[in-house]
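One chain, chain A, links the two complexes that follow: it is found with chain B in the first and with chain C in the second.
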Partner chain A sequence: MSPANSALSAAGTAAPPGRPRHRGLAVPSGVLGVLGIVGFLATWELVVRSGLVEPRYLPAASSVLGELASLAATGSFWEWVGLTLRTWAVGLAVAGVAAIVLGLVIGSSRFLRQATHSTIEFLRPIPSVALIPLAVLLYGTSMQATLLLVVYAAFWQVLIQVLYGAGDVDPVADDTARSYGLGWTARVRYLVWPSALPYVMTGLRLGAAVALILTVTGELVIGGGGLGTQIALAQGVAVTEMYALVVATGLIGVAINLLARAVEKRALRWHVSVRREAVA
Partner chain B sequence: MTVLKKTAYLLGLPILLIGLWWLAARNSTSFYMPKPDTMIQTFVDTWFGGRFRSDVLPSVGRFAVGTLLAIALGIAAGVWIGSVRRVRSLLEPMLEFFRAIPPPVLVPVLALLIGTNDRMKVIVIIFGAIWPVLLNTIEGVRSVDTVLLDTARTYGLRGWARLRTVTLPSAAPQIMAGVRQSLAIGLILMVISEMFASSSGLGFTIVVFQRSFAIQEMWSGIILLGLIGVAVSIVFQFCERRILHWYYGQKEVQHGR
Partner chain C sequence: MRRTATAVLAAAALTLVAACGGGDSEETNAEGDTKIKVGVIPIVDTAPIWLGKEKGFFEEEGLDLEITTTTGGAAAVPGVVSGDFDFAFGNVMSLMVAADQGLPVEFVTNGTSASGQTDADFGAVIVPTDSPIKSAKDLTGKTVSVNNLKNIGDTTVRAAIEKDGGNPDDVDFIEVPFPDAPAALSKKQVDAIWVLEPFMSQAIADGGRVVSYNYVEMSPQLDIAGYFTTKQYIAENKDVVERFTRAMNKSLDYAGENDQEVRDIVGTYTKIDEATRAKMVLPVFRSEFDRASMETLGAAAVTYDTLKSEPDLDALLP
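Our next item is the complex of A and B:
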């Protein structure tokens, strides 16, 4: 277990300043990044155009991006995106609230922490996809079946972080709060919650990524609509569309990551890790 | 804490939960409800006959090969990308995009490109599980203490020696955090690749049980997957303790415990 470490790597956008040693031309990293993307797309295009891979297995980059553009002009594409995002958001919200409440209750009591440790450590590594058959039996091929997977997977990500966070309360601050006669609710509100917030944010960010994975997985394997189901339907029938949809899921993933980072930064703007970064 | 108290904490809640399950199952006539007493028998009958060699071992083997390759490739590429600044700026946006693709959508893509065979399943696992290790290694290598690096340079450490004694140990905590995520993704992909495109393996067998309403067998499969997950996590924690023992020691000193 490495709570401090996972929090570090999570909040760890606070990169040390790079050594200022420029050799040759100094190219800004943003430009290089764009160059990297262009280079990748060009290689992809060339590999297909040169006949190295048959276009019926891997269509050229230009045709996939063109297909994505024409898909984006249709209403049904946005309907699929909407379905996927709805499952993702509902799942993450349910898992997040449940995990935060349970985590704060368990985390602020030493007895509960010790009593639940073995059970949590046993349940957590169970891969959520193991629940697919159960979800299908319970809910059929509907959105709820996917939702069950999403909630289960995201719940543990958040819960573990909240538990670390609640365990990370400064003992001196805790003793001070007790000697000033703060009750349980006041301690949770003014002491445990702010101490745990960086961890909660890390958990929500990890949970958001995992929830998207499980949303698409559920749609792909179980069905019930959304981008994943469309990928399964397009497989072997409309190859270009399948690739375009895969690219679309990647773009959604990037958007969710950026959103999560922005939310984290905003919620923690009072925290040392963010303030230090702003100064640097 | 006495041994007795420790054992009570360790086993108390699990025993309570199993007891509740047993009580609920005894009074329930539901078809879907697994029964604790017959479950062990079903578990052994289902998985320790011929299926152990025909389904369980191949699945676990593919998982092991795929994830180990992903970890090795991720660390190797990560060290290179992380220590050359140009390469890092060039590739980082690209890699962020690949990481953001939900790995299971690769199953239909690679099934089309490679066909539905063992190679495809291993490649799916590699392709999905490599990103957390790769990106964490890049981040870890990048944030190696500059004083350490300068010291290493002053002492004339370079190449393999510097990598082994300075870079890798400094990046190890972050790398291990990535490995933990990779293992979870690898396990998911092992199951998904078999559910989606296969005629054998754990994932396939469990779906067959579910479709034929063999409820007890299906539950036993879910339990087996859970046990594999727990076993992987125990092995990982053992390795992590050994690789990062210095790191925990340092933490304990810092926290004054």
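Our next item is the complex of A and C:
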């Protein structure tokens, strides 16, 4: 099992980077993806049109998409998107840098790994949302309050992956580096970092998704602007617009995932997990 | 490529650090106006402050007003106590509860008040048209939704039930946010809902019937909410508080006299459509507090266990 694959299976759900190898049906995955979306939208439309749910509470897919299209023509919509993306990006950047640095330091020392293990396992499962009262007390209803949630949630996603990655260094290579007299910095630079990079990329991709979820949650519950706040404003008084905004956050999620995969592929283009599939 | 990425990350981290620091007392803008930050909920009730800002009432007092919206009312008291807001909009029961818990909060101006009419108000208990509940006493033993438990909603509804001859202790209150309440009622998940405008109009349009205008039942002139800050802030910023109070009172009186302008300004900070805005019942906006109504409310809150002891109105009111 390649390091990238074991990292991914440690993460649970994600598929390996690159194109999946398909057996049997020779349908390109892109087509299947589109079919899935069309099927979902058709079901949504049917459920509403058949009167199963009242359009007053859940408007049909067609009217929601129409509303989204007219929203997208307004400048303020893109302002909201910009605010959300800013919080997401700053949150992910802070969490990512902190987690990578701490992960490499902790991961390259057996003593630190063992000393921090139980603390990390204790802090990691605390839901970020539970920190909302603390965030509001510290930062009021500003963007920083949401940022606190985003950083907290994304940090653990990345840190755990980096820790696994730093622990995955080939012992022979490590011994070789030591016997050639490479110092700590050199070992991190030439040995630990390349070994951990596939894990780091997985961690960042998972962190990116979590960061978006927490950004919208924070904006919704705390306020401070962005798509989440607009969803809260539209609740009950502008139902179609609310669902249009919800769809918009979903689309941003898809875009972020595609972007993360592209970055991953590029950063790991030398790595066997990406190279092999590119050749095949 | 890598260097750019590093620079971007460093810049992001610095922005964060810079944004986290910095106090906020007595800052002035380029024109020498004092900057103040006021936390409000984006609902109909806060129309006067938006209107006052638009009319320049705050500028006249040398105040550079920043209105910050919070999604729920829960952020108002912590926001003011932590110093994030200079002032905030809060309902009288929330403030009484905060004072009851020993937080040093005090109103500086009024905010919204009940209509003073027994047959129309901006908040009501609503049931489905075909419901056997005919008046407040029939709510005994039923489920009623309110936006927050142990607050002004359940307290005034209990009082209305008792006044009508029902048993105020035998009511099952559950928390449902206002926007979701009309749907909960039409799906019969609750027997009755307590909602404010614009959800009251919406619930009536969906086939709802008003059982009680609980604010008016408590006291026709009941003050519902106001703008508050901490006692410490009042002691340290006497001048700012006086100027804010003057501008806010002017805004309240102006809003009270200009119905259409209130309906228009609501459209600028909420997503309530024009048709609903034209129809909805507005709260009364006036600068004077009605102290007697607050005494009634405070006594009722003690009776129904919302408060431990009767509020000290001398400490709570300006």
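Here is the rule we use: the second predicted complex is superposed on the first by the 244 of 280 C-alpha atoms of A that agree within 3 Å, B and C clash if a C-alpha of one lies under 4 Å from a C-alpha of the other, contacts with A are read in each partner's own complex, and residues count from 1 in each chain.
The rule we apply is simple: contacts are C-beta pairs under 8 Å (C-beta built on N, C-alpha and C of every residue); 3 or more make two chains touch, one makes a residue touch a chain.
What you see is a predicted model; the values in this text were computed from it and never measured.
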Which superposed partner A:34 touches (first chain B, second chain C, both, neither): first
Partner chain(s) touched by A:101 [first = chain B, second = chain C, both, neither]: neither
Partner chain(s) touched by A:237 [first = chain B, second = chain C, both, neither]: second
Contacts of A:253 with chain B and chain C, given as first, second, both or neither: first
Chain B versus chain C as contact partner of A:69, first or second or both or neither: neither
More chain A residues in contact - chain B or chain C: B
Which of chain B and chain C A:42 touches, first, second, both or neither: neither
Which superposed partner A:220 touches (first chain B, second chain C, both, neither): both
Touched partner set for A:262, first chain B, second chain C, both or neither: neither
Touching partner for A:140 - first (chain B), second (chain C), both, neither: second
Intersection of chain A interface sets (partners chain B, chain C): 57, 133, 136-138, 220-221, 232, 235-236
Complex contacts: residues of chain A adjacent to chain B: 1-2, 4-6, 8-9, 12, 15-16, 18-19, 27, 29-30, 32-37, 39-40, 53, 57-58, 114-119, 121-122, 124-134, 136-138, 209, 212-213, 215-217, 220-221, 228, 231-232, 235-236, 239, 242-243, 245-246, 249-254, 256-257
Residues of chain A touching chain C in the complex: 54, 56-57, 89-90, 93-94, 96-97, 133, 136-144, 147, 220-223, 229, 232-238, 241
Complex contact set, residues of chain B against chain A: 9-14, 17, 32, 85-86, 88-94, 96-109, 111-113, 136, 139-140, 142-143, 145-146, 173-174, 176-177, 184-185, 187-188, 191-192, 195-196, 203, 206-207, 209-210, 215, 218, 221-222, 225-226, 228-230, 232-233, 237, 240, 244, 247-248, 251
Of chain C, residues touching chain A in the complex: 8-9, 12-13, 15-16, 19-20, 39, 42, 68-72, 75, 78-79, 82, 84-85, 177-180, 182-183, 186, 198-199, 202, 206, 270-273, 276
